[in-house]
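Next come two complexes built around chain A: one with chain B, the other with chain C.
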Partner chain A sequence: MEQIVDINNLSRSFGSNTALDGVSFRATAGQVYGLVGANGAGKTTLLKHVLGLLRATSGSVRVFGLDPVRDPVGALSRVGYLSEERELPEWMRVDELMRYTQAFHPTWDASYARELLESFELDSSKKIKELSKGMRAQAALIAAVAHRPELLILDEPSSGLDAMVRRDILDAIVRTVADDGRTVIFSSHLLDEVERMSDHVTLMHHGRVTVSGRLDDVRGGYQRSRVWFGQHFDQPPVLDTALAIEGGGRSWSVVHTGSLEQFHHAVLALGGEVVESRDATLEEIFLARAGRSRQQVEAA
Partner chain B sequence: MDISINLTDGVPIYRQIVNQVKYLVASGLLEPGEELPPIRTLALQLKVTPNTIVKAYDELEIAGIVHKRHGSGTFVSEARQKLALRERRRVIEQRIDTLLAEAHHLNFTTEDILRMLRERKAAMNAAEPADVEK
Partner chain C sequence: MMRSPGFSPVSALLWENWRLTRREGAQRFAQGIIVAGAVLAWSAAFGAIGTNTARWAFFLVGMTYVPLWVSVAKLNGGRFMDGYRPGYPFYFLYTRPVPTFVLVGAPIAYLVASAVAGYVASALVLRAAFGYPFPLLSVAACIAAFHIAQWAAQWGTSNKVVQWLGSMPAGLGIMALAFWRFREWPARFDFLIGDYALLTLIGVASFGLTVAGVARQRRGDARAFNPRTTTRDGFSDWLAGLVRFPCPTTSATRAQVWFDLRSSGLLVLAIGAALAMLLPLLFAVSGPIAAVRPYAIGVSAFAWPAALLFLPGNAFGIRRRQGHAFASTFEATLPRKTAPLAGVKVLVRTACVVAALIVVGLSAWASLSLVSGWMSAAQKMAIGPAFWELPSSQRGALVGPEAHGVLLLQHTIQQTFGALAGSQLVALAIVIAIGVAVLVALRAAHAALRARYPRRLNIATWMLLVHGLVLVLLALAVRRGIASALALDTILRGTKWTVAAGTVFATVYLFWSLLRERLLPPRQAGVALLASAAFGAAWFTLLGAGGLHIASMPAIDAAWMLSPALLPLTACVLAPWSLSRIRHT
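Coming up: the complex of A and B.
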């Protein structure tokens, strides 16, 4: 399949602060990539490299086979971008913003733009600075998708928005992929959104990629099991493949990796039994990999 | 098509769609020859990536539940009884396994559970005389 983004061993520091540390990331055509991680994990920095807004100090970035810093026109004319801040020219009216954006993009689809304006019920004679937060996001979204980009990049698109506008944004992702087999990369802290919308998921933590793969493979690599023991445990029982464990006494819930058989043996060795196992949810994996669940148990 | 996605029980979304379509077909709510929604339509309705719908429809086709007609769409297949039965058994057997494991830990014998099942069913029938048997 066609390689849209190819990032190899990318590192980046701001002063003494390491923002990206040996990050590799690939995106192929027709797929949706969800990027998750806490604030400051490096998601926005990574996306800015894809957009050529930051130059790779070490490692390489290729978008459509081009270096987006050296060939911004070649790469970026094929990209649509919705930034978290949604920087828009405040003094423009909505229709002026559309004409302005259109001027940069020969592939602008005026009827698609009009259709979106109507479905969002945006008043195109309004100035950007008069728009509500949700309406700004909708205007920025039209500007990002109406040239039907081959690669759509959304940085925290749902951040601070109500359910209605979030829905518009998810619809835009679905249409981008379903109508033309184009590619989407989006970052989000809303894990249910990532789980619904992503074909691939990449989890970042302190500037590194800790988990990356097809969503189903990632999900299949982690289980959540309920375990009952013959004896009481005051402290969480120690199990090799466990990443997070919560509960108390004889009954514990464990998020773990590895084979179920291996886990059964480990539990059996402690005089317990696995009552029930299922694939872990993305949220459970995220919390386990970020190492927070154990602390929550200790605090409780 | 009446399908709902639940993100709390760890079942992959494509599998939830597969299971629910199988249920809709097995229960007759989707009839042989009936067309499933186009991929784009169902993706927009469920707010999921279109590739998940593709994967679910592919799996349903492999299982013989639906077939694709080139250039038109995805349709419910005829001759579904045998597969539907196997599928129905699978769903129930998973529940039974969980029930038996819990029963064991709470010190109920299999005979206790069988008796309780009948009692519960009798109580349910008394409360809901219109209960439809399949």
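Coming up: the complex of A and C.
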């Protein structure tokens, strides 16, 4: 499969703050990639490197095999971008925004843009500054997708959109782009959205990639088990493959990796038994990986 | 990290104001002393400080504390005439359990106290350094009253018209009073008891109006300050909406030209047109009203330099939000190479600035002819070919000093341009046009570098200022025989050659850096070289017209005289390099 984005060992610091620490990330054609992480995890910094807005000071970034800083035309002409801040020139009218963006993209599909404008019920004679936050996001989204980019980058696309717009429009656009054999990378902290839309998921925490892979593989690699011990534990029991443990006394809930059989043996060795096991949800994996499970927070 | 003191609401309000304005306060304090000190030191270097020089210095340090420069716009969330929102800016304080007069009184007290303290400290420093009796109490009272009156207009209402109209009478009244009493300074600058009473009355009335206006906004009886959510707004946006023409979709370059014209070029043209209209109006009014004549002369003399100074700024459209400067992500993510993007931005702004300068220049020239309205029939008759052979004092006595000033300016311009041959006029046009482009590019690069490397640029700026101040003080010391002229000459020569060598080194480095990063396409590099060559040739022609013969000069002096020819090349490489640094941080 064609490699669209290839990031190798990328690190970036702002003063004493490490935003990215040895991040590697690859994206291939026709897939939807969800970037998940808490605020400040490094998602936007990573996307800005893909767009060439930040220079790679350590490591390398290639988009369509090109360095987006050295060859912005080659890379950006094939990319559509929706920023978190929806930063658009306030004085422009919607139709002017469309014409202006069109001038930079020979592949601009005017009928598609018109179709989206109609479906969003956007008044093209309105100035950007007169639009609501949601309408502004819709205008920015049209400007990002109407040239049918090979790579669509969405930074927190749901921010400011109501639930209906999010599900009916954003999901549809993202799926259409992916079904056309094009690639979508989007960042979000709405885990249900990532689970619904992504083929691949990358979890980031403190500038590092903690989990990355196909969504099914990621989910299949983590289980949440309810365990019951014969003896009372004041502190969480020590289990090798456990990432997060919640509960108290004899009953504990554990998010863990590795094989279920291995986990069963570990629990048995402590005199307990596994009552129930299921694949962990993305939220449970994220919280366990980000160290935000209740038990870990309490322990901290 | 700075922590808010938790003593009382008033302390918290004062702390908030200090955090917002401390940098600007320090900047104004340094600026007042350095600018006024430089004027006085420069004058002292060439003899005793004259009364007019001292007045200028006093004027400059006083004007530093005029509230227009203060954070009126910043406190209200934008820049002056650009996203400026009138109304009480600390709207988020409405929910705090504090009476309205405290909400208004604490910030006003802080702003007034900081301005007064800044002026008094500056005046004391200048008094000690130069021995001139800069007045303290009277000017402090004027500054305080002026500030309170301005805040009444700025904060008491969110209606822009009322604000603009309201800020004028009190402000102009206080300035008129100060200027009237100022006439006899340094011999005398006393305020009468009545003057202080008037200033107190203005202050108390303004404070009352502000409290009443803010209380209305707080209760919801008047439209409250609208918190700024967008990055740009205001006059330039209004203008962009007023003049509409469709964006071309046939090429990215044309679309970029359209964008830069609409977003900033129109504003430059509008300011040029407004200035051009103001000049003949002032001259026409000054015929029947003699009091307006000094203003007509002043505005026509400063209109062109002011337009040249202010209109070329920030061609890259660097934005500021909450103290953070950045390039537009929208523009940065468009598939456009950085060098052509920088080139289009600089050229569009240059075209607009040159057009504005032409309009202002033509208007000023046409307005000068209206000076005949200032003279009687007999005075007009006196102006003939023999008039210019008379001594200056006699000419002034014949037609009046103001008319003589204008006629002299007109005559000098005529003589200067009349003496130039056709090729020299072409050379002058080339030097002005490319010079404006260089200025636009350097200002744009400065704004970009200031946003990208603020600390380094601030250090460099302060070092330059200190260096300049040292030179001025050394010149003063040489004049008084304290220091050796050789030392000053050596430092001056050293400075000159450091600047020249630095410019050459920076140009070569940037050129190499741009080529290495493949930022500068060969075609644009060729255009840069051609522009530099054209500027060099034109510069050489003008030097010849000015009586400077490069061939007969020592090689070092000749190289120095020709060094400005390198500036277009420097600007051509610095502009894309700096835009690249802020586009790809």
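Here, the second predicted complex is superposed on the first by the 283 of 300 C-alpha atoms of A that agree within 3 Å, B and C clash if a C-alpha of one lies under 4 Å from a C-alpha of the other, contacts with A are read in each partner's own complex, and residues count from 1 in each chain.
What we mean here is this: contacts are C-beta pairs under 8 Å (C-beta built on N, C-alpha and C of every residue); 3 or more make two chains touch, one makes a residue touch a chain.
Quantities reported herein were computed from a predicted structural model and do not represent experimental measurements.
The superposition on chain A brings chain B alongside chain C with room for both. In the superposition on chain A, A:195 makes contact with chain B only, not with chain C. Contact with neither chain B nor chain C is seen for A:27 once the two complexes are overlaid on the shared chain.
Once chain A of one complex is fitted onto chain A of the other, the partner contacts of A:171 are limited to chain B, with no touch recorded for chain C. In the superposition on chain A, A:224 makes contact with chain B only, while chain C stays out of contact range. Once you line the two complexes up on chain A, you'll see the smallest CA to CA distance from chain B to chain C is 26 Å. When both complexes are aligned on chain A by C-alpha atoms, no chain A residue touches chain B in the first and chain C in the second. Against chain B, in their complex, chain A makes its touches with residues 30-32, 167, 170-171, 173-175, 177-179, 192, 195-199, 215-216, 219-220, 224, 228, 273, 275-276, 278-282, 284.
By the touch criterion stated above, chain C contacts chain A in their complex at residues 230-233, 236-237, 240-241, 246-252, 254-255, 258-259, 262-263, 328-330, 332-338, 517-518, 583-585. Note for the complex: chain A touches chain C at residues 51-55, 69-73, 75-77, 79, 81, 83, 85, 87-92, 96, 99-105, 108, 127, 129.
Taken in their complex, chain B has these residues touching chain A: 5, 7-14, 39-40, 43-44, 46-52, 98, 101-102, 105.
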